[in-house]
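Shared chain: chain A. Partners: chain B in the first complex, chain C in the second.
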Partner chain A sequence: MECKIILMGFGSVGQGIANVIAMKKDIIKDNYDAELKLVAVADSSSSAICQEGLDEQLLIDTKKNKGKLSNYPEYGSDISGIDVLDAVEYDCLIECTPTNKETGEPAYSLTMKAFEARKDVVTSNKGHLALRFKDVIDAAEKNNVQFRYEATVGGAMPIINCAKDTLSSCKIESITGILNGTTNYILSRMTAEGSSYEDILKESQELGIAETDPTADVEGEDAACKTVILANSLLGVDATYTDVEVIGISNITSEAIELAKDAGYLIKLIGEVTPTTLKVSPRLVKKGSAYDVSGTLNMATIKTDLADEITVVGKGAGSIETASAMITDLISILKLKK
Partner chain B sequence: MEILLLKRLLGLNKVIIVRMNLLVEVKDAPGQLVAVLEPIRGLGANIVTVIHKREAKNEQGNVPVQLTLEGEKENLSNVVNKFKDLGFSILEINGTLDTEIISAILIGHLVDENLQDTIDRLNELEGVFVNEFNIQLSEDNKSAALINIELNAGKEELALGKLAEICSEKDFLMINNV
Partner chain C sequence: MECKIILMGFGSVGQGIANVIAMKKDIIKDNYDAELKLVAVADSSSSAICQEGLDEQLLIDTKKNKGKLSNYPEYGSDISGIDVLDAVEYDCLIECTPTNKETGEPAYSLTMKAFEARKDVVTSNKGHLALRFKDVIDAAEKNNVQFRYEATVGGAMPIINCAKDTLSSCKIESITGILNGTTNYILSRMTAEGSSYEDILKESQELGIAETDPTADVEGEDAACKTVILANSLLGVDATYTDVEVIGISNITSEAIELAKDAGYLIKLIGEVTPTTLKVSPRLVKKGSAYDVSGTLNMATIKTDLADEITVVGKGAGSIETASAMITDLISILKLKK
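Up next is the complex of A and B:
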């Protein structure tokens, strides 16, 4: 069986997908009898399209060295955006365009179009899910297609599939966790070094851990999107972004961290999901507790009715790490088709 | 509390207010209760409650006095030492009350926004007591404080609700336990 893939978005995560496919396609063929082929790959203004399949390494080299995918030898194209979905035959859309929590675009339109064409979709994009989770899920059901989004929460850290599949006998009562790696990194370093928020933010930006515009991370917006996705997918709460109470970390002072430390606590940006509360805020956690994870790591404690508490920890971001969750989602879809 | 604020104004930027429960045994004789209370004042501690349990007189003719004191840690330990020097027997320190302590960090203009009022409004609640208020002043006038609140069982929601209300009114960032 062939699995023809359109990959929308060719930044950090998109290139991770190309890398992972190159690394794992033989094993996937052996184990699941599926031959993965990238038939179209798009960035913001161009694409590379070939029904016979594109070369993963050449895609990465072209993007790195020549900037635009239209420079891909022979198959480079000026077709971009939603039109790419009409330019080639495919089975699955892997969508990793930038998250936009104001409009949910381009993810929403791309996903809807794929569903209507009866194609499965795997995404890492939080925007459309934080705004219109139910619309997206309903459309997938209506069109009888698969939709997977493990990478949207906690990157490589397994949480959505873990709760849905591995803990399927349990009712999920609440989820509490560190859902943003950038803020965890900043707070961890403030704790270790006693430095100010401003100084550590600046250094994090220089290291590429925080973005030039750090708002989405430091003001808790990214974590808030994730609480919405968890509430909808695991607790069955019909919530949207505006339902989240959000407080970020930009007002945390080194004095506050010091006081917490003296009393045996750490300050962490915590996302909380219960049937009645959606909240992202700085909180005190006990040193040595499950919440005591530092650096860019993410963690979440899932409270269930039967299994009590289950805690997962993992890398919340990274090119290959995030791609790993998406390819796992793809394999789950392949298993259903077998 | 006035003493504590004064200390802050004098440039000591760490102020820790603690509450302590003491069970002291005294002779059931005239003047004994005063003898116990007398040394406390001079040592910078405030007396919150005194319960003189005359009905609980033991075979030696001694009666227990239950004291709740508040003040800086150091002052309270001076009181304990003074009691020992004076030969009062201390049966219990900090008792075995059925209480729990919750912590929170506050960030904001804690002093300008009437520190005393913040503490008083929590203390007004039944079964809620601010046990420690450790304030750290910073150069850019937003200070931070660790507040420990001692609670009787079942009072957590009440206390946190009130604290959240005060914080939102005074524009403090409240960081409470997860």
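Up next is the complex of A and C:
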């Protein structure tokens, strides 16, 4: 069986997808009898399109050395955005364009168009799901296609599939966790070094851990999107972004962190999801507790009716790590077709 | 669709299964279109058998108040053990007889007989898998039936399904963790209270956390069985119980724990699984590290090629908790039949 893939978005995660496909396509063919083929790869400005399949390494090299995918030898194209979905025949859309939590675009339109064409979709995009989760899920069901979004929450940390597939006998009662790696990194370093928020943020930006405009991370917006996705997908709550109460970490002082530390506590940005509460805020957590994970790690404690509390910890971001969650989603789809 | 179940073993976990089926059968019918029906429940001495289905609560009450399942009104029977599999028509065997790591029985014979009759099996029994993993898996494949065993490792903590289903894009390179709740409880209390091994063991026995004969737990044998199951199922290693290097905790003194504590360490019984090493032994772990989980909790860190390290933490035992893992396995089988 062939699995023809359109990859939309070719930043860090998109390039991770190309890398992981190059690494794993042989083993996936052996184990799941599916031949992965990138038939189109696009970013916001151009694309490379070839029905016979593109070369993963050449895609990465083209983007790195020649800036635009349209410079891909022979198959470079000026087609971009949603038009790419009409330019080639495909089975699955892997969608990792940047999250926009005001409009949900381009993810929403891309996903809906793929669904209407009866194509499966794997996404890492939080925007459309934080705004219109139910619309998207309903459209997938209506068109009888697969839709998977593990990578939207916690990068490599398995939480959505973990709760759905490995805790399927249980009712999920609540989820509490550290859902943003950048803020966890900043708070961890403030705690370890006693430095100010501003100094550590600046260094994090230099290291590429925080973005030039850090608002989405430090003001809790990214974590808030994730709480909405968890609430909808695992607790069956019909919620949207504006339902989340959000307080970020930009007002946390080194003095506050010191005071907490002296009392055996840490300050962490915690996302909380219950049937009635959606909240992201800095909280005191006990040193040595499940919430005591540092650096860019994410964690989540899933409270269930039968299995009590299950905690998962893993890398919240990273090109290959996030791509691994998306390829796991793709494999789950391939298993259903086998 | 009807799913007729034979439940073999009616101790703590078996009764947990009856409880969870009673609690969840309506929701399972709604979600997976499968009507769960206990058609036979047996322990080592007798059974209750009824093709129309038994009452879960009445089974538990019979065992509790009248000792033997043969006292189940109208459908009590003196048939026991493997003969039960011939006494009634069924779809799935849920096998939770006691683990015997010398013979693997009765689990091995029960499982093989079910496979030959083309029946699916869910087990919590470690004995046959620690001794003859490959034989059992091969027999399931040969007979084209489903076989699931999440509950054999870590009770409610999802690890086998987590690695197989939610990390399927990754190669599992190693697993390191606390795989036995009883020893973790004993070591945690020794650490917290400075008491001796003997004193805490005695109290643990009184509380029902340690067994009257605690050997399997405190000498590391239970954890060793689990390392064998993880090695076979997740690392593709063809290993058996005698391949594990095992050192238990019965020689750990309160002085050793104090010395470790002063240096910022804890002593934990750690199971380690790599392609070349199978080992259970007490080790120093850093306070505040992922291994710093106390009480009867289990944890495991799964090292992967793509997703780096994923850690899971959960209750390693408990009637309902372990049963929840088995019913999740059953649901995974039901999903395939849907």
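Remarks
The rule we apply is simple: the second predicted complex is superposed on the first by the 338 of 338 C-alpha atoms of A that agree within 3 Å, B and C clash if a C-alpha of one lies under 4 Å from a C-alpha of the other, contacts with A are read in each partner's own complex, and residues count from 1 in each chain.
What we mean here is this: a contact is a pair of C-beta atoms (placed from the backbone, for glycine too) under 8 Å apart; a residue touches a chain by one contact, two chains touch by 3 or more.
All figures in this text were calculated on a predicted structure; none of them were measured in a lab.
When both complexes are overlaid on chain A, the residue A:157 reaches chain C alone and has no touch with chain B. Once chain A of one complex is fitted onto chain A of the other, the partner contacts of A:121 are absent, as it touches neither chain B nor chain C. Of the two partner chains placed around the shared chain by superposition, chain C is the only one that A:311 touches, whereas chain B remains out of contact. Touched residues of chain A were counted for both chain B and chain C, and C has more of them.
In the superposition on chain A, A:140 makes contact with neither chain B nor chain C.
When both complexes are overlaid on chain A, the residue A:270 reaches chain B alone and has no touch with chain C.
Of the two partner chains placed by superposition, only chain B is touched by A:285; chain C is not. Looking at the shared chain after the overlay, A:169 reaches chain C, while chain B stays out of its contact range.
Those residues of chain C that touch chain A in the shared complex are 20, 23-24, 150, 156-158, 161-162, 165-170, 287-288, 290, 292-293, 304, 306-315, 318, 320-321, 323-325, 327-328, 330-332.
Those residues of chain A whose C-beta lies close enough to touch chain B in the complex are 176, 247, 251-253, 255-256, 258-260, 262-263, 265, 267-268, 270, 272, 281-285, 291.
Contact residues of chain B toward chain A in the complex are 103-105, 107, 134, 136-138, 142-146, 148, 173, 175-178.
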